[in-house]
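Paired with chain B in one complex and with chain C in the other, chain A is shared by the two complexes that follow.
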Partner chain A sequence: MLDVRGLTVTLPTETVGITALDGISFDVKPGEVLGIVGESGAGKSIAGAAIIDLLVPPLKRTAGAITLAGERIDHLDAQAMRKVRGRRIGYVFQDPMTSLNPVLTVGRQLIDTMRAHLDITRGMARRKAAEWLDRVGLPNPRETLARYPHELSGGMRQRVVIALALCADPVLLIADEPTTALDVSVQAHILQLLRDLHEESGISMILITHDLGVVSKMADRVAVFYAGRVAEISTVTELFEDPRHPYAEGLLQATPRPSLTGRGHVIQQIPGVMPALGKIPGGCAFHPRCSRASEACRTRVPELREEGGRSYSCFHPIGGKAQ
Partner chain B sequence: MTAPDLLVIDDLSKIFKRPRSLADRLSGRPASGVRAVSHVDLTIRRGETLGLVGESGCGKSTLARTIAGLIAPTEGSLRFVSSQATGRPPRVQMIFQDPYSSLNGRWKIADIVAEPIRIHRLRSGKADIRRRVDELLEHVGLSSSDAQKYPHEFSGGQRQRISIARALAGEPEFLILDEPTSALDLSVQAQILNLLRSLQDELHLTSLFITHNLAVVQVMADRIGVMYLGQVVELAGRKEIFAAPRHPYTRLLIDAAPGMDVHDRSLHPIAGDLPNPAAPPSGCRFHTRCPFATELCRTSEPPQTVAPGGGIYRCHFDLDLSHLPDTGLPADHRHPAVAR
Partner chain C sequence: MLSYVSSRVLQTVAVLLVISFIAFLLVQNLGDPLAILLPPDATLAQRDALVRALHLNQPIVARFFSFVVDMLHGNFGISYRTQEPVAKLIAERFPATAELAFVSLLITIVIGIPAGVYCGVRPRSWMARAIMFTSIAGVTLPNFVVGVVLIAVFSVRLGWLPSFGRGATVNLGFWTTGLLTRSGWESIILPAIALSTFQVTFVIRLLRTQLMEVGRSEHIRFARARGLPDRRIWYVYAIKNTLLPVITIMGLQLGNIIAFSVVTENVFAWPGLGTLFLQSIQAADIPVIAVYLIFVGAVFMVINLAVELSYPLIDPRILKRTS
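Let's turn to the complex of A and B:
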């Protein structure tokens, strides 16, 4: 459904360009949920924004091909891109308060969105807007249409944002940390809603999150990002039970798990921190934090290679074939 | 053998009053307010880590700030018990969630860490204080050369280490940690949790550890309290609370957090939304979301009951909650009441 090849995003400075995304490649199959995980600075949100051409300046897409349902969308002009954004790709941002317009009612935002993308009358849009509020689980849809975002709780706002992202019937939904700002009990509702809507419509989905728990429940395949590169792409089961990339394994072990831990149990930690933009070490970006690093890792960048349906970029993968 | 108490909290409440509107004053209505902490009884024993979990608005941070003396309680009392050895009340230090706003950006690290030493007159003489600062920085995994830098030169995880060094500089017997790792990335969180745990063991600190993350509290705490809308609805040992919770909210909260099991992909949302803390439901505060609620729960507030294991809980019933009950969420669970 979506194919991203060699996507590169640069932050231009007066002297040089700092690479924020370094030629990443991944794809999303029809009806699939692809999880993108990594810590802050890994480039997950930049990847999402780059796909819909909504990078915050001065970040700039400098290379790469993005193909949506067989059609290149990376060289479209602003007007053509507006017809992709919202119409063919829906987007859910992390913060439900800032992604809604505070001075317009929920109904107005839904109706405007649908009328911008679909050829329907105001009356029809109004009816569909109420249907959408019902589908995303908001009580009294007709009354809620007249409400403003501030009158809704955080969880309900995120439901509205999801309705807005899906109301023009897109083929791909990108959800960037959709539950991070929410409490645990509300988070489970929103995940359940995304799952229900995904099952009903068969839409392809990219779920960007730092939360491995969320990924384990929602994703079919997972791309692990590190310092602007893809470390590993595997099915969710492969990743959780048999990770190849040492960073992927480190992330899994650093997560405190209720079933395994107790006081006295030492959590495995990854030493060091994710390098800042512009300070990414040469060779494999993870080598200063990696216990398996060798001379090769310090000097050469490992390419993302495929092996048995999964891919990883590591010279010394865990349990796999060395490059 | 139970350790002696360090802190005894008795029927503590904190009400944030709203200013009376003109209409209120004209009609003689009293000021309304939010009871952010409601009738909390709690003791913290010397040497233990008490974990406090709950969702936003449950009052856990307000309770922490009240204990730290940053805000005054409205009702009830809290009392620090002087240690027999020194005869003085324990020194308290606090570590905050946000490693950016909790350090003064215009101060050098050396001054930030030295401040509690100076205030409590724990060392005298510049050279002594400097030596102590270097020692503390190394203790938390930084280096003594960092003392001359400013906070903006450090990452979030390193800043949290500075916060920890500052707290330890006050030689606290009691440490309050309010979401100390919530703003940190996973790999850094693991580093900070491991550091805190080794410090707790090494310095025999008593601490109150506040978090919304059940997995984190399970790693860090000896006993765990669960808060809901200002009340401590359950308090028990770490093992008991996870193996056999007594309050339905505890059970549902444990199951609502997505685990890491890729084979069991079921999700367990808690029905409904969090009610407005300014107008908590009548009777048991959890009855609007509880799958076991009866008429009794709607009308009468459950008493604080002592469990056989010594834990306490606020529920009318003695439920077996060792496993997630098959609640068969009502068909309208996707239609929570509108929170106003």
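Let's turn to the complex of A and C:
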């Protein structure tokens, strides 16, 4: 469905360009949910925004091929890109409190979005808007159409955001931390909603999150990001039971998982912190924090290699073949 | 809504009372009305009659009360300078100032809003840069300098437009207008331009800053991510979010135009309130000065009230915030 090859994003400064995403590659199969995980600052949001060409300036996409359903979308003109956004790829941002236009009603925002892409009358759009509010689980859809965002709770707003992202029937939904800004009690409901919508429509999905728990509940496969590179791409089961990349293993050990390990599971933090943009060390970006690091890790960047249907970029993978 | 309206109206009335009280004290403590209004050979009976007519024999609170009641009946006192009712003087001069303010506001809206929107939407274009560069002149040059330059060029050098007065006016009974004659229009152009230069540039800069700020907001980014057309994003989704500060500032500017047209009126010998005010100051004509101050205060407050009452129509969050 979506194929990303060698995606590179640069942050230009006065003297040099800092690499924010360093030639990352991954793909999403039809009907699949791909999780993208990694610590905060790993470049997950940048990757999502780069796909629909909505990077926040001065960030710039400088290389890479992005193919959606067999069609390159990385060099479209503005008008063609507009028809991809919303119509082919829906996008959900992290914070429902700031995602909605505060001075326009929910109905207005839905109707405008549908009418930007679908050839329907205002009346039809209105009916469909109410249907969408119903599908995302909002009570009294007809009245809610006339509501302003500030009259809705955070969870309700995120439901509206999801309806807005899906209302023009895209084939791919990118959700960037869709539950992070919400109350814990609401998070599970929103995840359930996303899962229901996914099952109903079979839409492909990229779910960006820093929370492995969310990934384990939602995703089929997972791409682990570290410092602007992909460390590992595996199925959820493979990743949780048999991680290859030491960073993936570290992330797992830092996550409480009572259901998988039973009582007495000790949470172990990865020593050190992820390097900030522009301070990424040479060689493997993870080597300063890695107990398996060797001289090679300090000097050469390990490539993302495929082995038995999964990929990882490590010279000394856990339980796998060394590169 | 009702409590919002009534609280704004009450605030306005309270401020007006305070202004009136200050003006009242001014009248009470500066100058000796008896010495000015009475002929030198006045009898004691004449003197007593005047004292009673001016309520000079009553305690200060009672005098303030009758001052306010008199004003509410359209009785603003008597000018020391011309011995005419102040109300009549003001009524004669008001149309000239109001028309000058109206034309200035028109220029501000017709030029300032489109230019400001353009500069906000395309801040990097050379045209926007040129507008911003020229607007520095408008912000820094005082009105009277602009006025003098306009006179030097268009009246003295080119001889196209008159440099003083209102031209021919038409008396409509309740209002004398210069806007129905050719010479009236010719006369108003230069002072209106001089008076509006600051406002125009101010509105341009304000709109530009506001639009650029809103353009960076998350809800506009989400609107882009949904593939809404650029025009809709800028002219509906973004502009609606800038209306509140822009209308506020425009309202204040209109107050400023009326209040501070003093200098411009003087440069162009415009027979309005500003000129009346200067004449009254030169003659120490306290009643006129006091009423002028109250009048300007009232204009400010009424415009301010109108602006505040329009807020809930623009931004539905206002009522929630204040209730």
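Just so we're on the same page, the second predicted complex is superposed on the first by the 313 of 323 C-alpha atoms of A that agree within 3 Å, B and C clash if a C-alpha of one lies under 4 Å from a C-alpha of the other, contacts with A are read in each partner's own complex, and residues count from 1 in each chain.
One rule holds in what follows: a contact is a pair of C-beta atoms (placed from the backbone, for glycine too) under 8 Å apart; a residue touches a chain by one contact, two chains touch by 3 or more.
As the structure is a prediction and not an experimental result, all values here were calculated from the model.
Aligning the two structures on chain A places chain B and chain C next to each other without any clash.
Once the two complexes are overlaid on the shared chain, A:240 sits against chain B while remaining clear of chain C. In the superposed model, A:13 lies in contact with neither chain B nor chain C.
After overlaying the two complexes on the shared chain, residue contacts for A:270 are found with chain B alone; chain C is out of touch. Between chain B and chain C, more residues of chain A are touched by B.
In the superposed model, A:299 makes contact with neither chain B nor chain C. Applying the stated contact rule after C-alpha superposition, one finds that A:148 touches chain C and leaves chain B untouched. Using the contact criterion defined above for the overlaid structures, shared-chain residue A:256 touches chain B, although it does not reach chain C. In the superposition on chain A, A:165 contacts chain C only, with no contact to chain B. Taking the two complexes aligned on chain A, the least Cα distance separating chain B from chain C is 7 Å. In the superposition on chain A, the residues of chain A contacted by chain B and by chain C overlap at 151. Across the complex, chain B is touched by residues 39-40, 137-140, 144, 151-153, 155-156, 183-189, 191-193, 195, 210-214, 216-218, 236-237, 240-241, 250-252, 254-259, 261-263, 265-271, 273-274 of chain A. Within the complex formed with chain A, the residues of chain C that make contact are 217-230, 232, 236-237, 240-241, 314-317, 320. Contact residues of chain A toward chain C in the complex are 52, 54, 56, 78, 82-87, 90-91, 93, 95, 98-104, 109, 112-113, 116-117, 148, 150-151, 161, 164-165, 168. Taken in their complex, chain B has these residues touching chain A: 49, 55-56, 155, 157-158, 185-191, 193-194, 197, 212-216, 218-222, 238-239, 242, 252-254, 256-263, 265, 267-270, 273-274, 334-340.
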